[in-house]
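Okay, so chain A shows up in both of these, paired with chain B first and chain C after.
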Partner chain A sequence: MNKFGIVLALSAGLIQAQDAREIVTEVQRRARAESQRYEGSLRVIDSGGRVTDKSWQYDRLGSHGNSKAILRFTSPPEVRGVKLLVLNHPDRASDQWMWTPALARERRIALQDRSTRFFGTDFSFEDLEERDVEHYDYRLLGQETLEGHLCWRLEARPRKGKSSQYTRSLLWVRQDIYVFVQVENFVDNQLARRLKYGDFERVAGIWTGRRLEMHDVRRNSRTILTFDKLDYNLPMQEETFTLQALRRGL
Partner chain B sequence: MRAAVAILLLAASAGLAQKFEQRGYLETRLLVFPQTAPNDSGQVVADSLFRWEASWKPLAGLRLAAGVDARTDTHHQTARQLRLDWQDRSLKRPALSVRRLSASYYRGGFSLEAGKQLIRWGKADILNPTDRFAPRDYLAVVDSDFLGVTAARLTYETGANTLDLVWAPRFTPSRTPLLNQRWTVLPPAASAVRLEDLGARLPGGGQFGARWNYIGAGYEGSLVFYEGWHHLPLFEGRLRPDAPGGLRVEFQRFYPRLRLYGADAAVPLRWFTVKGEGAYFTSSTPLADEYVQYVAQLERQSGEWSLVGGYAGEWITATRNPTGFAPDRGLTGAFLARANRTLDARRSFAVEGALRRNGKGSWTKAEYSQTFGQHWRLTGGFTWVRGDQADFLGQYRRNSHAFLLMRYSF
Partner chain C sequence: MKLFRLLSWQYVRKHKLRSVLTLSGITLGVAIFVGMHTVNQSVLSAFQHTVDRVAGATELEISAGEPGFEEEVLERVQAEPCVSAAAPIIEAIVDTGSPGQGSLLVLAVDMTGDRSLREYDLESGESAIIDDPLVFLAQPDSIMVSRQFAQRNGLRIGSGLALETMEGPKRFTVRGIMRTGGLASAYGGSLAVMDIYAAQLVFGRGRRFDRIDVGADAGIGPEKCRERLEALLGPGFKVEPPSARGQYFASMSQAFAISISFASVFALLIGIFIIYNSFSIAVSHRRAEIGILRSMGATRGQIRNLFLAESAVAGVIGSAIGVGAGILLARGMITYTSTYLRDLYGTAQRAETVTTDPPLMLCGWFMGLLASLAGGWLPARSASRVDPVKALQKGKYQLLSAGENRARRLAAFALGCISAACLLLSSSPWAFYTGYVLAVLAALLLSPALALWLARALRPVLRWLRPVEGALAADSLIQAPRRTSATVAALMLSLALAVGFAGVARASYRSIHGWIDVALNPDLFVTASPRITARSFRFEPEVETRLRAVAGVREVQAVRTPRVLLGDTPVLLVAVDIGRLIRTSRREPLEGDGDTAYRLAAEGKGAIISDNLALLRGLKKGDTIELAAPLGVLRLPVLGSLVEYSDQQGSILIDRSLYTRYWGDTSVNTFRVYLEPGAAEAAVRQSILEGFAGERRVFVLTNREVRSYILDLTDQWFGLTYVQLAVAVLVAILGIVNTLTVSIIDRRRELGVLQAVGAVRRQIRNTIWLEAVSIGVVGLLLGLALGALNLYFSVEMVRQDIAGIRLTYAYPWLTAAVLIPVILGAAWLSALGPAESAVRGSLSEALEYE
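Moving on to the complex of A and B:
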């Protein structure tokens, strides 16, 4: 290949990477909301077919990369009152605290906890975090039809210095409404978790998958998360997202 | 007080669903001790606890909270009188007690909570030197539960800073093991004398504490000041050779004054989180030691394992050789560890323990827990205590036991 060919190939790769990043940036832009509230229901179905249900209320103030979120468990009864406060920062990893009524004290959760499964479900703490587009390098792999919709197929790899339990992820983005339809997460080239989005609905102008199904391939268990009473851009107060707010209530 | 509880119960039944939350459980526990103790021949103990907690928000910014315990047991650790106890000052656990009854008002960064409440300070696990408004029920020393305190707590939070001011007008002591039960270990010579508990001299006046917490970029720390009394007692004894019926030792519990300066910190790092907590305990009570107590721990979440390990130490600055009951000091000079594994959404396994630096005492607790449906949980495990008679942990070596716990949550 001559010099011109090398430059052309490099330029094509650069344009492709740029396109992929632009797609994910557009997904993030369209999902942008100053606040979000929903009631979440979790159903964990383990490899033996046993079912466990959990539910929570979720409030988020702020948008991607610079937000505060609080999650309050509402069932089963033994975890009712357990709360998780997450402060996301644009320049560093999030701060997280958990409030457990039985201890009557908040407890800081460490950075390395992100790979831990979220309360025994198939979601890890990292899976439930906001993905900042700047933390990954992207590559457009092509396009294919998924669930009857034409999608872009992208690859995301964590940038150097950005920690993740996953070596890489494959993302499917619907071309008509710019939402993720499926995410496959790999650890050392082995598929670890597959996340499928469904029941898409436009809420307050934002297309949202109200049903998320996470399949832990290694454990052969599934968790289905559904969003009820979902809304965006509701007025919320800063003081709701503080350590002392965790203490209020049960 | 009873009226307030009744109002909360009425609120629950009146359908104030959006502003009313409640939860609770009924728990029955069975403990089997393979060995008897010199002062306790009981080897099987069962107890039941019904705990109900509720919170009601009648107005924006105002919240009422209540919690009630009802309990009974086979080993007479619980009083048999059915009266509602507020103070938690009795030797035995009350059959009915108010665990929490408070009103809190918050506006902007200010929050004021007044009434009976649980106040927890500190960042370490297993041992918290700065946790001064947290007396405990130590009837079974290695399995303690926190007691509420009557206090007013004013908190101001702005950005990264939180200032916590607490004033407690009434003193709540920790509940100590009963004299005729296995968690009171007497020296062999004591069998020749009669012991008489003359009760407790409880201090009057209030206690005050202040805590400033700062959350920085990648770290968090607090400074603590406390002025009041230690919730763990010292003993004042008197030998009565002329007592009717022979030699008698009379003793009384009293609570030394305490002024404490403390600090804690948490620093999440890439591979583990460093947490530390320490406090300098000073006292104007002539019989009380002065000392520095500290805990340094590392914790890490590795897959489904949650691991905590550390060391608790003590440095005595003024020795006055008091006789007392001090499980917090009994855990110093020891390596502490806790490991928890989440097996799946229903099952977990945990083990925790303490091992003396000099190897003269150890305590290990292991348990397996599983939920059944939405309401039931079954937990089984054992507590194993080893060591020398002279060691705080080792003295309970006859108290190793297996346990089975069944809980219905609602």
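Moving on to the complex of A and C:
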């Protein structure tokens, strides 16, 4: 899957209960695609009710911890042309660069800055990463009905040596179609962000939540991301996902 | 206490003007002490405040001197596990162009990660704008300003703000307004924040950062993180807490601090003299009262304590007023001083309010009290020694006994010998200053005897001028040396200081002129800032090629002048193509062979240092200096030293190729441009400006303008000196007025008798005028003589401690020539009042006197 990578960030790991690991592995297997493209609409609603909208086009080549993604902002006009290149690695944190057309140059997003908010949204830069199963330890906590669907409730903890702003996450996986429906991220046992998936639809054989709502509990603000023109396994060129391509304006 | 209430208070009430004068002496001294130190502390505090506010949660700062370093260093720092946050920074001071707003500190940061170190407390309702840094980053014209600055300039979100950039004036859009306080209070609230990558373009920094602000991992801590970063980056980088920048600023402005301390000590000395003078007069004036008290059984101790109590009360009140006046003085000077230091050192500080420091104020008050007691000590002692019989006999007490004279001469001789020994046998600062103080004390001890001798020598001249009045005036001085000795001593000291100051100023100007003539001889200077000392903007090296192509240009020399650390002190590095430099402005080194020194320097095999650096650091030819650069440690032998005034802490001249190699910096501060013979300066200047118009920021300064700018800075530096000179002369004149007033009171009967036996008013006036002018002549002769000695010490002090500048000893004859009519004229003017008082007093009262 998955659009924003958050889901994948939590997909894997050493498990205390073999079931938990198998569940996440199955989620990952079912979401697997050679590439992904969508047009995203982003709405940020801050604690005061102020709304800002943005949109982008998202391309991803590869999947699950070994992928390359490029995110091109298309509106509003002030940010059109800004790009974010994300290179996900199976064995370490991703590399991220931002391209600013007005300056005609890229800037690297530092690893230490991954916990900061992604350009005013309620997502953090880390939430954009795709992480491999091996990055987390999993534990099955039980079953629970959420939004009318029976779900497994899992706990994911970053493995030793894997950096993350979150100390642990709770995951809800629909038992019927093996997709995440909710993720709660904790920092020092305090709930920091809650991500909810909705509008599930099967696209190119892959069940995908077309509506993501991230709630920053501490700021009490929400960001809603909706996917349009979603498609998988489209042909994409490797060279498009490079710094040189960013510089050439591809 | 009873004596104090019955006698002292009555005296104060009766002589309000003199009491006010006494208080004003201490008030003046304390006010200057408190004011000057408050200004200095306020500027340092404003700098530190700016550093603290800008630092935010920063625990360590990584820097490599003013040149900064390549971007790639950031990735290395961010990869170090002990680093929890690392944010690159560029700082620049830019002119706003808004009337009265002066400069703006632009802090350029990478907004994607900077908020982990700094909190941008934004105006309510606008947070979304900056919380969405995407817009801020995507638009390079984005800028965020403090509310204070926005209010002063009527700015709102979306307003345009024109700032000077490398591409000329550019309109920025205000996309965030920071609430007052915190970061927004840095640089006196004149702060703007912009994107660092936009700033690289705007300020011509290439792909370089000024520094990196670091937050250490909580589990590792800043100290260990510092060690790791130092090991990672090598000696070319400084990894220090933000507070270290305050120490560098303090060390850079050390010369200013020494000048301030000197001025403060001088002001307190003046205060002591005023107190001494006033109390000496009071003792003279009240001698009969003292005599009566002593006759009635008052002990010497009681008399001494009475006068000491008076001086203590004057000290307490005068010091308290002085502290308040000092704060007011500081308020008046703060903006000027802050701007001046910013221009002089190119530092980011803006002090608009004074920082009152209770310990400093208490210290000022206490020093004022001590000064008052010190000033009152000798008169009090003198009062306690008044012989009751002599006290009631007019004139007797004014004589100096032969024994007293001999004792003074012997003491003066002994002190003079010790002083000479200090200077000859040791080169330590303690020995120097001890020698200085002892020499002045010796002169003070000798002054009554010398004054008497000079008065005797003057007698024939005065008689020749006016047989009767001249003789009377001379006799008055000869018969009452104690009365005039304090005034003569004050005048002597004041004039000696005036000669010292003037001599140093004159020698400095002469040396600076000589340096400018040779070192700054290009026809034009092409800079990126209107001030040649500003360092926020820099050129790319390619500009040189374009300048060479301008018609009428014969030669272009690119100069890079960053401040770098030599040990722990910032010094100026002058990086230039030495081979080409010496073809146009070759100066011979003070030691060694010039040809060899310049050849080796041009080959990058050594450095030529400024004379003041050599003196301040004890460096000589053949020594090795070590400069830690980002790309390696540069060890260079000293090839020689030059007279050079580019920086008060010293400068190092190296070849630019060496600088580029070790600092990886090809940017340029200034291009020195020489014209073809016959080329019109104005035309070439216009061609250069037109060639870069609308494209980049370029200022073309003529040689005359640069000279004028440097001399203006020098004028400002010596401005304080001139104020001191004026105060010194004014105090000396007040001393003459006091002395003459007492003289008239002392001689009322004598003057009355003269009038009774037929002397006309004109003769009385002439007598007093001549006496005043004679005091002036004696004070002048002694002052100008002591000035010669003081100038020697002043020149040495400048060389050893203030700036390491070797000034040529040259007596300021012109100043001396100007002082002669000034002092004599002032002496005559100061005699007008007392003279009129003498001739218009009641004759019968005068004859009944005593």
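Note that the second predicted complex is superposed on the first by the 230 of 250 C-alpha atoms of A that agree within 3 Å, B and C clash if a C-alpha of one lies under 4 Å from a C-alpha of the other, contacts with A are read in each partner's own complex, and residues count from 1 in each chain.
The rule is simple: contacts are C-beta pairs under 8 Å (C-beta built on N, C-alpha and C of every residue); 3 or more make two chains touch, one makes a residue touch a chain.
Quantities reported herein were computed from a predicted structural model and do not represent experimental measurements.
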| item | value |
| --- | --- |
| Room on chain A for both chain B and chain C (clash or fit) | clash |
| Which superposed partner A:V82 touches (first chain B, second chain C, both, neither) | second |
| Contact breadth on chain A, by residue count: chain C or chain B | B |
| First (chain B), second (chain C), both or neither touched by A:R117 | both |
| Partner chain(s) touched by A:E239 [first = chain B, second = chain C, both, neither] | first |
| Touching partner for A:D46 - first (chain B), second (chain C), both, neither | both |
| Touched partner set for A:R108, first chain B, second chain C, both or neither | both |
| Partner chain(s) touched by A:R248 [first = chain B, second = chain C, both, neither] | first |
| Partner chain in contact with A:S67 - chain B first, chain C second, else both or neither | neither |
| First (chain B), second (chain C), both or neither touched by A:M98 | second |
| Steric overlap of chain C with chain B in the superposed model, located at which of 4-12, 76-84, 310-318 or 418-426 | 76-84 |
| Doubly contacted residues of chain A, that is, touched by chain B and again by chain C | 44, 46, 50, 52, 54, 76, 78, 81, 101, 103, 105, 108-113, 115-117, 119-120 |
| Touching residues (chain side chain B, partner chain A) in the complex | 21-23, 25, 53-55, 63, 65, 104, 106, 108-109, 111, 118-120, 122-123, 146, 155, 157, 162, 213, 215, 217-218, 220, 266, 268-273, 275, 299-304, 306, 342-346, 348, 371, 374-375, 377, 407, 409-410 |
| For the chain A and chain C complex, residues of the former touching the latter | 44, 46, 48, 50, 52, 54, 73, 76, 78-79, 81-82, 98, 100-103, 105, 107-113, 115-117, 119-120, 125 |
| Touching residues (chain side chain C, partner chain A) in the complex | 74-75, 78-79, 83-86, 110, 112-113, 115-116, 125, 127-128, 131-135, 137-140, 195, 197-198, 201 |
| Sites on chain A touched by chain B in the complex | 44, 46, 50, 52-54, 75-78, 80-81, 89, 92-93, 95, 101, 103-105, 108-113, 115-117, 119-121, 163, 221, 239, 242-244, 248-250 |
